[in-house]
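For clarity, chains are labelled A, B, C, D and E in written order, and residue numbers in each chain start from 1.
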Amino acid sequence: MYARWVLTALLAWPLLAGLIVLLLPARLAKYVALAASLVEFVISVPLWWTFVPSGGMQFLVDRAWIPAWGIHFTVGVDGISLFLVLLTTFLIPLSILGSWTYITKREAGFYALLLVLTTGMIGVFVALDLFLFYVMWEVMLIPMYFIIGVWGGDNRLYAAIKFFIYTFLGSLLMLVAIIVLYLHAGRATGAYSFGYAHLLSNAKDLGPAAWWLFGAFFLAFAIKVPIFPLHTWLPDAHVEAPTAGSVILAGILLKMGTYGFLRFALPFFPAVALNQNVQLVIVVLSLIGIIYGGLVAMVQPDFKKLVAYSSVAHLGFAMLGIWALTLQSVQGALLIMINHGISTGALFFLVGMLYERRHSRLIEAYGGIARVVPLFAAILTIVSLSSIALPGTNGFVGEFLVLLGSFRTYPIATTLATSGVIIAAAYLLTALQRVIYNPLKNPENEHLTDLTPRELAVLIPLLVGILWLGIYPKPFLQRMEPAARSLIEQVRPSAASTAGQP
Amino acid sequence: MIVTFFWIFGVIAMGSALLCITRKNPVASALWLVVTLFALAAMFVLLDAQFIAVLQVLVYAGAIMVLFLFVIMLLNLGRPGPTDIRGPLGLLTATVLAGALLLLLRPISESALPSSIQLPPGSVQALQQAQGIVGSVANPLFGAYLIPFEIASVLLLAAIVGAVVLAKRKL
Amino acid sequence: MTGTAVDLIWLAPALALLGFVLNGTLALTRPNAKTLVSVIGAGVLLAAFAVSIAIFSAFAGLHAEEPFVFRYWSWIPVGTLQIDVAFQVDQLSLVMLLVVTGVGSLIHLFSIGYMKEDPGYARYFAYLNLFVFFMLVLVLGASFPVMFVGWEGVGLCSYLLIGFWFTEEQNANAGRKAFIMNRIGDFGFMVAMFMIFWSTGSLDFGTVFTHAPNALAAGGRTITVITLFLFLGCTGKSAQIPLYTWLPDAMAGPTPVSALIHAATMVTAGVYLVARCNLLFAMAPVSSAVVAGVGALTALFAATIALKQWDIKKVLAYSTISQLGYMFLGVGTGAISAGMFHLITHAFFKALLFLGSGSVIYALHRAYHHTHSHEDAQDMRNMGGLARYMPWTTALMWIATLAIAGVPPLSGFFSKDEILTAANARGHADPIWLVFWGLAVIAALLTAFYMTRLMLYTFHGPNRTGEKEQAHLHEAPWIMTGPLLVLGVLSAAGGLINIPELYHGNAWLHHWLEPITQASAPLLPAVPLSSSTEWLLVGIAVAVAVVGIVGAWRLLKPEALVPARSAPEERGFARVLRNKWYVDEIYDALIVRPLVWLSREVLWKQVDQRIIDGAAVNGAARGARALGWANRWLQSGQVGVYVAVFVVGVLLILWRATS
Amino acid sequence: MLLSPALAISAVLFTLGVAGVLFRRNVIVIFMCVELMLNAVNLTFVALAQTLGMGGQVFVFFVMAVAAAEAAVGLAIILAVYRHKQSVSLQNMNLLRDG
Amino acid sequence: MSLDPAVYGDLLLSLLPELVLTGWALVLLLFVAWRHRTARDLRIAGWLTLVALLSTAIAVWWLWWNRATLGPGLVAMVAADDFRWVADWVFLGAAALTVLISFAYLEREQLLIPEYYVLVIFATLGMMVMAAGADLMVIFLGLELMSVAVYVLAGLDRRRARSAEAALKYFLLGAFASGFLLYGIALAYGATGTTNLGLIGGQVGIMGKPSVMLLAGLALLIVGFAFKIAAVPFHMWAPDVYDGSPTPVTAFMATGVKAAAFAALFRVLNQAFAPVAAWHDILWWLAVVTMIGGNLFALGQRSLKRMLAYSSVAHAGYLLVAVTAGGAAGTSAFLVYVIAYTLMSLGAFAVLSAKGRAGESDVLIDDLAGLASQRPWLAFALAVCMLSLLGFPGTAGFIGKWYILIAATSAGQNTLAAILVLTSAVSAGYYLPVIMAMYMKPPAVEAAHRDVYLDRWGRIAVAVVVVGLLLFGVWPNRLFDLAKSAGNSVHATTATAATPP
């Protein structure tokens, strides 16, 4: 087993590095930050081999923090969180490299915040103490708030505060719910602790309280996902944020919502979550997300907004898969979470690179540039295809699994959801055509420079990920399966036995 | 007999209080307040609190009210000026609010004290017989109530300092 | 593992992929290394073709009844869902393999000449190789998902190649349209896959077809829905009603592409799918009827449109759609071998026709290029009398025309006749097929007519290209006419692979495919036709063809034609046909525009921006702030107000306490 | 026997004090009304002291001290304000307000 | 160490801190009478004050260390328990921080009034008396002592009409409110025959159904305290007075005065009126309207100082939740939160005092634009304070809020908890703009913040605040132990109702 301290290190190192970077002169900042993030990645990589798929929660660390309330510093990963952690450590160096020339003011602060953000995000994924989880959940809010607000676009202040208050509002009710759970468990057992396992095992017989507790958790996560109609913070935040911000927002932050559902909302309140009406509502909302998100994306004049709305659609698939609770759908949802991180991240990078050259995110500002920047065009095409789930790319595996799995539980809904693949093709190919194909009308585009080696260095890893996950996802699926299985068994004992069987 | 007297003084007190708050001239108000205070002093006597009654006359009606009048004169508000009584709307609101307050305070006067805490009737006089009128107040004051007494002294000191700070001509 | 050349099956797609990788790299790095590119591009295909032949012969030697499945790696293993990257070698896939690599090689060679001048030469061959790769994955895939990889992959390549000259907006549009319409089909394919998995527990062809009979009630609702969804996929990929409209637009791509993708191979994938799943379709009579019916209808419908097209490639496009209709009629009828037979012969003569038209266009294009004129090099009204300038092409294209018209003994005659016969025979079991047969016969008449029209206007009568241009009209180089020759031979003699017993042939293809079809055979109504009836049908078919050709020859007056620029607009019914029954317009008005309008005006501007964001979100924020501001008139600095509020508070508290 | 009349009277006086504060704008008069309120409370204390013991009377003693202290400070403040505004009317005390 | 109230020695010992502070007050008074001309005299007075506060704190610590309790009889005028000691530390800390930020301020504003420090000490003394008082009489006197001193402090800046007006408004309404308080005391006395909290509690216990007189008394008592803690609807003086007073005084009012009033309220309600159900209901409503009102009204502000004033109202609402929750948990939560609140609120005012001129009433939130780029450390400090006020994890404010939530929910007050968090979310609407202005907006003019200045002492104060906020935010354990023992000390009876261990 890999060193026990690995998760602690993953949490502590970026924070430390962030503080150091903050004090560095601007010109050094990005180099140090990049180095730090790479170190972080290197620390995290061995998890991949040392992780034991059937080992449940592992790399556990459990230290008393605030004994007065039974608060512990408890961290660990299982098949669900492992990949989100790796995704985080994978995307951060790329984001730093991607901001190399994009960020021109207060570099030190920017990169420091990125690193602090890393701690927050990893913390959310590995926390096994609900207090710790909540703290991390909030902590990652501030850096993102600053990243949008300080380095964002013209309308950044509005976007930043909207993002903050939206998330904050949702999470605060969850805070109350957590405390109620804590007291419930405490009264039941006499042991007062925020430990995940403890609360989970004592979340039974909540009675009607379970309903509004679930509601509180649901609100917090639904906003993050985001589920229609709580999604309107997303386009603003995505559009205004700097490239790295958008990448991390889409790549990781949104996953916290779906992760929250998998880790907390479902296992804690299975009775509510599987209640007929609740299922209906959530499935319908996911469907709306898929179709509505796609249709709205189709008519966006702003490329970033388009990608933002496409995220709504993608996450809709994930939600559907999660709630369908079959082995295939859940693993598919997990894959979608990873894929979306890679593909959408790559899309945002590409848009950002275009923006750096022409300072416009509007689709009609371009057109016909495939002739001028063939490499860019080729990569943009590949990424778009992965985003519309072309077989052979990562996108397909996830969507296919989700739909196939969900079909068992919700045949009609899934059939409707499948039409999402048509819409996806419609909006992305249209955008693709209007950006890189068509006559090259705007003379400013005549002299666009093609991708630089640095930009390639950012994109190549993502492309590798796209193809790897598309052609040989087995290593991922293997590592997820036991976790997904046990989750399903936990939530729907009946579902587990039949999961996958016809 | 006593009750009647008590009521007489009570009515005087209330009447002059009413006049105090309705006279437009501050000086008049102040003087009517003095009348109220005197009436109260009389009632104190009827309530076996002669020493307090004396203090009432000396400290309140004497010192404090003189201070008031002094300020009024100093600020030269004695001469007839624009009235400071609020307009009809203000008065209406005030009356309504005050009426409501009185309504809510009324039950208090009817509530009888629990017998457990009541001293036998006349025990106060007995005490005064034994320790003298002043002594009966002084004993607790310098015994059980020593601490509040000292705090009061500090309070007065603080007040003096404050008054000086605010009032002295140059800073 | 058979220990024979069959094991090398992975090599065929691998070669194509290699070609793509190399050419792709060249396209991005050294786009002008044309010789290298052409060597790689065509080379890998020829190699693949060689491999295919080797495999074919090896396989034939094994006399295998069961398909060989080669599993390479586990792709998507989740619970009981075990999808491997696996290829299946059996009679059916091998036939397709040969067609794809064979015709593919020829078209690659042709392209070397045709695309010589093009700046995107390397990119073109990269795409072409990639297409072949995906096409091979499609036909070799041993499970629905793997097949689906190829299925969408070829769609992608067709998208890229249609929009190859992307600087023309309509080309890019055509590519997009093709992809999206294919996606509609793919949607059906996916849903079908889900249902198949949850009803049979697997997606491997082998397992599915063995479990299907027990897992699914023949003629039941599930199997019908499954097959209908599958067929939806086919209509998208194989351009059948209602999803055919992308194919004519697809002619925007380079002509060899039209030959390879939109005539010979990709568009037949649907037919292949139905053939592959013949058991499932056989279990669902309703679906079979739908398949056959749609096929027959498409055959006729497309033929009518082809009557009035002026763009030579458009004519061929509609004829392709119509011929695909025949194939679906065949496979829908249950005559798998007939359908496949027609698929093969069609691959030959349609490829020939396209490439021929390609060299015609090439010639005109060059001519116009010399004179710097911007006339339409594809409009038949600008052609005429080309026989004088390009005899080879003319001759070869006549062969193809007669073949497609169904004139004996050319290949098309046998295949088409077999389909008609099968349909007619099935008609004796359930009469609806007689209607299909009738439609198909009329379509045959029209086919003969419009093809003759095409030849007539293109190669005969006076030349309308222009005085100056005529000097520059001449035959295309050998690298282009060579492949034409080969295809000419195949179109002529292609029938040999499946001469029916009627003519004491050995019906080789039919027997070859029996291992594939035997499972479904017992489920189909067997109606043996008396040889007299068969002869009658043959007679009808031939008569129809002859009538069509002669009729066209008599009725049409190439001399009367005027060049495109000065041509008058058609009137009446002709105009309806000219405008393809206005189907595109109808789709646009009924589906596309409303959807876009809904998305932009309602969903985005109203629901998203005004209602959710404006009213709910910002509204709440503004409301709270407004309440805050509203406090200012209380907080006016007037102590009187403060006291009043204070007293109100006192009253409330007193009241709550004492009551 | 005097308790409930005393309580009633003091309640009335207290209310009158409050009413006065509400009626007037002149700061000094308002302050006087506050004094009136205090005296009303004193009456309650004294009346209670008759039945509950000397504690009440002692309390009145302290109230007087407090009243004196407040008077000293309060009047000083009033003077300070008057220096700025040449007025002791609450109407003119509106420098501090929202907005 | 158990002290017998009957023995004068013990009694004096139990009052040791107050006596020490009084002694220092007299010393300082003499010094002031002797030297009151120059700025240097002023500074010396300030240092003396710091020494005074420190020595008092040590006295408190000594008593705390020896577990000094005043018993056995309940008849004592003052209580000696951990609650008192902790509260004393809060007051002394608030006073000390106030003094620290006063040095520069007084000199800058040319307020060369050494008596200022004397008054600060008197006010602190009053607060300590309030926290100590086990008898309504003592509490009342302490409250008056504090108030009288603070009235004067509010009007200290005599050159400015705003300051005088603030003093007047505070004084008038304060006197008015203490009238109600006094009446409440009288009625309570009448209903129980005593003013000693313990005895009242006993009486109420045997009384059974509380009499009207008692309830009315309780209501008026609550009114009296509600005014001092600026609870809606008795809050309306706060914005104006805070606005007009010299900023250090404002800080002192917002923290010390509020804390003292709360401390007294706690003692009164929990020791004298524990058995009376009525007050829970009253305070529930008071808390709700205060939270909602305070936060909504704050949204409407553009002046930073007024915004902070309203935010202090909102925080009074949060603290009221702790009172409503009651029990030992409520008390501990209250202490933790009040400590956090004192720190963050003082920090905010400290930065404000550095930014502004002439009473800062003119500093708008947008005037902070670009502060981060020109005064990064100040901006950081203010940002930390804002986040802490917002109740953001990692800061003491969050820990405090969390504690209050636990107390409330464990008392079954889930609705109250929900309202608390929702209103906190609203508060983001006015705390964030401050951060936004500092970090995300460019300065209006080049030298917008050139004259922003904190002297050494001010910096120390701000540093203490920031470190404290972050430290308690991450490592609150010692704080909890303190608060818990203090909480239990007030609740000999009601301790460990349904509270987590």
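Convention: a residue touches a chain if its C-beta (ideal position, glycine included) is under 8 Å from a C-beta of that chain, and two chains touch if they have at least 3 such contacts.
Keep in mind the model is a prediction, meaning the values are calculated, not measured.
Counting hops only between chains that touch, chain C reaches chain D in a minimum of 1. Listing every chain that touches chain D and chain E alike gives B, C. Relative to chain C, the most remote chain by averaged C-alpha coordinates is B. Nearest to the overall CA centre, using the mean of each chain's CA atoms, is chain A. Of the two chain pairs examined here, C-E and B-D, it is B-D that is joined by more C-beta pairs in contact. Spacing of chain B relative to chain C, judged by their CA centroids, is 104 angstrom. Averaged C-alpha coordinates give centres for chain A and chain E that are 43 Å from one another. Annotation: 65 Å between the Cα-based centres of chain A and chain D. Averaging Cα coordinates per chain places chain A and chain B 71 Å apart.
Each of residues 165 in chain A touches at least two other chains. For chain D, the set of residues touching two or more other chains reads 7, 14, 17-18, 21-22, 25, 31, 48, 52-53, 55, 58, 62, 66, 69-70, 73, 76-78, 80, 93, 95-99.
Looking at chain B, one finds that residues 86, 90, 93-94, 97-98, 101, 104-105, 107-108, 113, 117-118, 145, 148, 152, 155, 158-159, 162-163, 166 touch two or more other chains. In this structure, the chains touch in the following pairs: A-C, A-E, B-C, B-D, B-E, C-D, C-E, D-E. Taken in their complex, chain E has these residues touching chain B: 11, 15, 22, 25, 29, 75, 77-78, 110-113, 115-116, 118-119, 122, 125-126, 129, 135, 137-138, 141-142, 144-145, 148-149, 151-152, 155-156, 158-159, 167, 187, 190-194, 203, 206-207, 211-213, 216. For chain E in complex with chain D, the touching residues are 137, 140-141, 144, 148, 151-152, 155, 158, 161-162, 164-169, 171-172, 175-176, 178-179, 182-183, 185-187, 189-190, 193-195, 239-241, 243-244, 300-302, 306, 361.
The touching residues of chain A, when paired with chain C in their complex, are 162, 165-166, 229, 232-233, 292, 295-296, 298-300, 327-328, 331-332, 368, 370-371, 374-375, 378, 385, 390-392, 397, 400-401, 403-405, 407-408, 414-415, 418-419, 421-422, 425-426, 429-430, 433, 436-440, 471-474, 477-478, 481, 485, 499-502.
Residue ranges on chain C touching chain A, taken from their complex, read 27-28, 73-81, 85, 145, 148-149, 151-153, 156, 159, 163, 166-169, 172-173, 175-176, 179-180, 183-184, 186-187, 190-191, 193-195, 197-201, 215, 595-596, 598-600, 603-604, 607-608, 612-613, 616-617, 621. In the complex of the two chains, the chain E residues touching chain A come out as 373, 387, 392-394, 398, 402, 405-406, 409-410, 414, 417-418, 421-422, 424-425, 428-429, 432-433, 436, 439-441, 476-477, 480-481, 484, 498, 500-501.
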